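Both complexes shown next keep subunit A, but they swap its partner, so subunit B is in the first and subunit C is in the second.
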Partner chain A sequence: MLWEPVLWGQLLIHGVMLAGLYGLLALGLNLVFGVMRVINFAHGELVMLGAFLTFWGYTALGLHPLVALPFSAAVLFGVGWALQRLLMERVLGGQPMAALLVTFGLSLIIINVGLLVFGADIRSIPVVSGSLRVAGFVVPKARGLAFLTAVALTVATVAFLRWTAFGRAIRATAQHPEVAITCGVDVRRTRLVTFGLGAALGAAAGSLIMLILPMDPQSGSLLILKAFAVIIVGGLGSVAGSLLGALVLGIAEVFGSFFIATVFGEVMAYVLLLLVLLVRPAGLLGIAER
Partner chain B sequence: MRKRWYALVAVAALAALAAGTLSPASGQNPIVVGASISQTGRLAVTATYVLQAYQLWVDDVNAKGGLLGRPVTLKVYDDKSDPGTGAKLYEKLIVDDKVDLVAGPYSTPVSAAASTVNEKYKKVMVAPMAAGDALWKRGYRYLIQTLTPSSLYYIGVVDLALERGLKTIAFMSEDSEALRVATPAVADLAQKKGLKVVHNEYFPRGTTDFSAMLTRIKALGADVLVCGCYEPESVLSVRQSKELDYSPRLLFAGHGAAVPEFYKALGKDAEFVLASDHWDSRMKTPGNAEFVERFKKKYGREPNYHAAGTYGGMQAFEAGVRKAGSLDQDKIRQALGELDLATIFGRYKVSETGGQIGKTSIIVQWQGGKKEILWPGGTATAKAMLPAPPWAERR
Partner chain C sequence: MPRALLVGLALAGAGAVPLVANNYVLSVLISLAMFTGLAYAWNIISGYTGYLSFGQVTFFGVGAYTAAVLIIKLHVAWPLAALAGGLLAALLSLPLGWIMLRLRGPYFAIGMLGLSRIAERIAFAWEPVTDGGRGLYLPPVLDLRAVYWAVVLVAAALVGITSLLDNSRFGLRLLAIREDEGGADNLGINTTLAKLQAFVLSAFFPGVLGGIYAWHVSYVDPVTAFATQIDLTAIVAVLLGGAGTVWGPLIGGVTLSVLAEVLWARFPFIHTALFGALVIVTVLFLPKGLADAFRQRGWLAPGRAFLRRLAARPAPLEAAPE
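And then the complex of A and B:
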C-alpha cells in the first residue's frame, strides 16, 4: 500500500493544498516584516477578524464567502491603516522590542474583545465542500481554491512591488528608509499602505479559511504559529519566499504524517526551521539582514 | 414608593406562609449544604446552570419534607473561577461555617483543588462536574464522581456497529488525557466483540489537516470511523472525509459533534454523523421530563447537561444521606459506595475509589437537522440511519 505511485501523487496534492493555506497565512505577515522589520504578532487576529466578517456577511446578508472576500479585505485595509497610524507609527524606529510588544498586546486585546463579541463557539461556512476528480486524484475544492488564491495573490503582490511606482516606493522603504526619504519617497504613507495591505491579505486568508477550518476568536493565534515557520523557511521579507516556504512545509507535513505519524507532521515545522537556520539562515529566498 | 413597600411585605408574608405549609420540617434547625460556585470569571456563564440546579434540588427536597426530617438550605460562595480561591472557600465552609454537607463546584480544576481540603477534614464531596479520571487515582476517599467517566464515553458505538454487521473500525483521537482513556476502552471492547481495529492513532490538539491520516484509513477501507474529537476537529474530520471521498458506513465524531455549532458549520454534510453526549432532555430516565419542565418553569431557559448532571449528582447524594440515616460522613461515604441508582442524569454507581463506573454517554445521530438518540436502546428516540450513504450518492 505504501509504495503505490497513485498514493504518492495524492499525498503530493494534499501537501500542495495545505501549502495554499499556509501561504495565505504567511503572505501579509511577510510583507509587513519586509517593509517595517516588525513581526506582527497580531496578524493571526487580523486573519480571524477577516474570517468573522466573512461569516457575518454569510449569515446576515447571505453573501458567498468569495463575494465577501474583497469587502472584508477592504475593511481590514482600513483597520491596518488605522493601527499603523495610531499605534505602530509611534514605536517604529525606536527599540525593536517595543514594536513587538505592541503587536503582542494588540493580539491579546483583539482575541478577548472577539470572545466578548462573537463568543467562544466555533464558526464555519458550509459551502464549497467536497472535491473534484482529476485524472483519478481527488482535489478538495475549498483547499484548491485557497491554493489558487494564494498563488494569485503572491504573484499580484510580487508584480505590484516590482513594476508599479508605489511598489518601488515600498521596496525602497524596506531597503533603506533614510535614502528613500532623500529620493522623495513618502515613507510614512508607504508604511501606512503596507500595513493596510498586510491586514487586507490577512483578511483574504480569513475569508477562505472559513471554508476550510472551523474558527473561533482564538484560532488565529494558533494558526499563525505555522506562518512564522513558513516565512523563516521561505525567507523573511521575501514575498515569493513565503509561498515557497509554504510548499516545502505543506508537502513535508503531509508526507511526514503519512509515513511516520500525524504527530510527526506537526514536528516538521520545527525540524525545517532548525535545518534552515543551520544551513541557510536567511531562508530559501531570504534577503540578508542589513 | 410606599405602595411597593407594602406589596413586598405582603409577598414576603405569603411566601413565608406558603413555605410553612409546604414543608412541615421548616420549624427545625436546617441542614446546610455548602458549595463554591464560579459566579464571576471565565467559568461563570456555565456555572450558573450548576447553581440553579442546586437551588432546584433544595426546593424539591424541601417540598418532599426535607432530609432526615430537617429542611435543607444552601450556602454558596463565589470562587471567581479560581481553583486556589475555591480551596480556601471550602476550608471556610467546613471550619468557620460548619456546614453539614459539601457539594462540588463547577469545573474539574476547582473540584480538584477543593477535594484536597475535603479529604483533610474527612468531608464527603459529591462533585457533579468533575471529569478527569486522574482525580480518582490519588487514593482519596471522600470525593465522589457522578459525571460520565472517560472510559464510558464512546462504548455505545460498538453495539451500533455490530447491529449493522460492520466489520472493521478505525480510530483517530486527540492526544488528551480523557481520550487516552476513552479510545483504548472502546477499542478493547470492539476487539472483544469481534470488530477488527485497523487503525488507531492520536493527533495533537489544533491539527489543521487530517488528509494523510484519512488517506491511510480510506486505503484500509474501515467501515467505522471513530474520531475522538472536540468541536474543531469534529468538523474538520467530517469535512475532510468528504473531500477525500471516504465514506465510512458509520462516522462517529465524538462529543464535539453533539453541539448545534457542529451542524451549522457543516450543514447537510453533518447528516448521518453520530456523536456522544452526556445527557438529553428526552432521555427516558426516571423523573427527567419533570426535571426539564420544572427547570424551564423556574428559570425560563432549557437545562443543559451541566444542570442535569448537577441535579442527578445531588439525587445520588440525597439517596446516600437517606440510606446512611445520619450526617456522619463515614456512614454517608459507605452508603454512596453501595448505592446503585437511576437518577435523571443516568445510572449512578461508583467504584471503591469513588470514581464513577455506572454512567455512560448516550449516542446520538443527526437526522434531518435534529439530534436523535440511538443508544442506549431503552432511551432511543429514533432508529439508526445506518449504514450512512456514500458521499457521492447524497444530494
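And then the complex of A and C:
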C-alpha cells in the first residue's frame, strides 16, 4: 500500500465523518441494552422509520431534513414508548432470548409495513450538495453537516445522562434496578423513557443518514449490523466504548473499501465484529453480562 | 414391535405419496419436508443446546453452492453432490463452531447473523467459482419424485436422530448446557466438545438440504442461497412447535406449511409481517410451543421419554430401614 499523506488524510477524514453517524446510530441501541439488558433487534427498523418520516416531511411538506429531524425523533419517541409499554414490559425479566425474539418479530413487521407504506424504492434527500476545501482536504457539505449534527446530538445525550436528575435515574437503573427502586427511582417510567429515547436517537440517526446515503425500507437490517458491530467492538453498555467502536468501524470501512474492494467495505463491519468477539467477547471497553 | 411397525408404515406411506400425487402437491410437500428438516437441524443447536443461531443458513448456502459447482463442473450425480455439500458444510462448521461457540447468548446469535452476511458477500465476490450475482444455472428437473424422496429421507433421518438424541446421554449433556453451562462444566461435561458436536450436526443437514434445493430449483445465487428468510422459517417452525422437543419441529413445520398454503398465499404482501406477528404471539402466549399445548391436552405423552422410563421402573422391593 502506498503512503500518500494527502490520500490517507482524506480517507481518515471520511472515516471519522462516517464514525460520527455510526456513533449516533449505535447510541440508542446501546442505551436500551445498558438499561434493560435487551438487544433491540428492531433498532435498525426504527432508524429506517425515522429516515422515511424525514423523507416524507421533505417531499410532502418541503421541510429541510434538519428541520424535520426533531419531529421524526419525537414521533419515534412515542413509538418507542408504546412498544415498551405494550410489548417489552411483558418479556423483560423472563427468558433472555424471549426479548430478543420479540424485537426480531417486531423488525419483520416494521419492514413489511414500511414496504407497504413507502414502497420498495430507494430514496434519498439530495438537498445539500457541493463540498468545502478545508486545509487542502475535500469535505462534502452533506457529510460534514450530518457529522456535526450527529456529534452534537451525541454530546447532548451524554451530557443529559451525566448531569441531569433523569439521566442519573437512567444510569442507576442500568447499574442496579433494585437499588434504584429503593433510592426512589421510578424504574418502570425510566425504562419507558429509555426505550423512547433509544428510538428517538435512532430516528435522528436515520434522518441524517438520509442526507448522505440512499435508503429503502429494508436498509434497517444492514444498519443494525453496523450498530451491532460498533457496540460490540466498543463493548455493550459502554458509551465511551461505542464511540471508540464507531471510530474503528468508520475508518476500517473507508480504508477497506478503498484499498481492498467496495464489497469488503460493506463486510468490514462483520469482519471487525467477529474479530473483536473472538479476542474480547465483552468488547474493548465492555461491561460483563449481568 | 408396534413402534418399529409404526415407523415403517409412516415411511412407506410418505414414500408412496409420489405414486398418487401430482407435481403441485409434490412441490408443496417438498418445501414442507425441506423446512421441517431445516427446523430439526436448527433445533439441535438452538432448541436443545440453547445457542440461538440467526445464521445456520450459512451452511445451507455452502451446501447449495458446493452441489451446484460439482454438478456443473464435474458432472457429479446430484444426490452425491448434495451429500458432498453437507460434508463440506460440516467440515467448515468445525473451525467456525470452535470460534463462534465461545460466544454466548445474544453475542452468538448476532455473530452467526454476521457470518451468514459475510458468506453472502463472499458468494458475490468469488466470481470464478460462483459467477457472482448472476448465479449458477443447473439443468432443469423434470421429475420431482426423486427430489421428494431425497428431502423426505433427510427429514426422516433428522426425526430419527433427534429421537435418539432426546433419549441419549449426549442429549442430556446438551440440555444441561442449555440450562446452565457453567454448572454443566462443573459436572465434568466437556461442554466445548458437546457444543461442537451439536453445531456440526446442525450444519451437516442444512448443507445436504441446500444441495438438494439447488438441484430442485435449478438455480443458485447469493441472495437466495443465503436468504435470512430460510433461517427465519426454520426458527419460526421450531418456536411454534416447541424448541428442544422431538415432535416440535414437525408440528411447527406442518402448521407453518398449512398456514402458508391456506392463509398467506392469499395475503402475499403481508407475508413477512405475519411471520413477525407469529413470532411475537408465540413468544408471549405459547413460550413452550404447540408440543407443550398438545401434551397438556394429553395428545402427546408428557415429559421426556427417558424420564418416563425412569418413572416406570419397578420400585425397590423394600423401603430402606430407618
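Methods note: the second predicted complex is superposed on the first by the 276 of 290 C-alpha atoms of A that agree within 3 Å, B and C clash if a C-alpha of one lies under 4 Å from a C-alpha of the other, contacts with A are read in each partner's own complex, and residues count from 1 in each chain.
Just so we're on the same page, a contact is a pair of C-beta atoms (placed from the backbone, for glycine too) under 8 Å apart; a residue touches a chain by one contact, two chains touch by 3 or more.
These numbers come from a predicted model, not from an experiment.
Undergrad: In the overlay, answer first, second, both or neither for which of subunit B and subunit C A:I111 touches.
TA: In the superposition, A:I111 contacts subunit C only.
Undergrad: Looking at A:G130 after the superposition, I want to know if it touches subunit B, subunit C, both of them or none. Which is it: first, second, both, neither?
TA: first
Undergrad: After the superposition on A, what does A:H14 contact: first (subunit B), second (subunit C), both or neither?
TA: first
Undergrad: For A:A98, is the partner it touches subunit B (first), subunit C (second), both, or none of the two (neither)?
TA: second
Undergrad: After superposition on the shared chain, which partner residues are touched by A:Y270: those of subunit B (first), subunit C (second), both, or neither?
TA: Second partner only, subunit C.
Undergrad: Under the stated touch criterion, which partner chain does A:L87 make contact with: subunit B (first), subunit C (second), both, or neither?
TA: Second partner only.
Undergrad: Report, in rising order, the residues of subunit A that make contact with subunit B in one complex and with subunit C in the other.
TA: 261, 263, 266
Undergrad: Note which residues of subunit C are touching subunit A in the complex, please.
TA: Result: residues 52, 54, 99, 102-107, 109-111, 113-115, 117-118, 121, 124-125, 228, 232, 239, 269-273, 275-280, 283-284, 287 of subunit C touch subunit A.
Undergrad: Could you please specify the touching residues of subunit A with respect to subunit C in the complex?
TA: 39, 87, 90-91, 94-98, 100-102, 104-109, 111-113, 115-116, 221, 225, 228-229, 232, 261, 263-264, 266-267, 269-271, 273-274, 277-278, 281, 289
Undergrad: Hey, which residues of subunit A end up touching subunit B in the complex?
TA: 1, 7, 10-11, 14, 17-18, 21, 121-126, 129-131, 133, 138, 140-143, 212-214, 216, 219, 222-223, 226, 253-255, 257-258, 261-263, 265-266
Undergrad: Give every residue of subunit B touching subunit A within the complex, in rising order.
TA: Contact set of subunit B toward subunit A: 172, 175, 201-204, 206-213, 215-216, 219-220, 231-232, 235-236, 239-240, 242-245, 259, 261, 264-269, 391.
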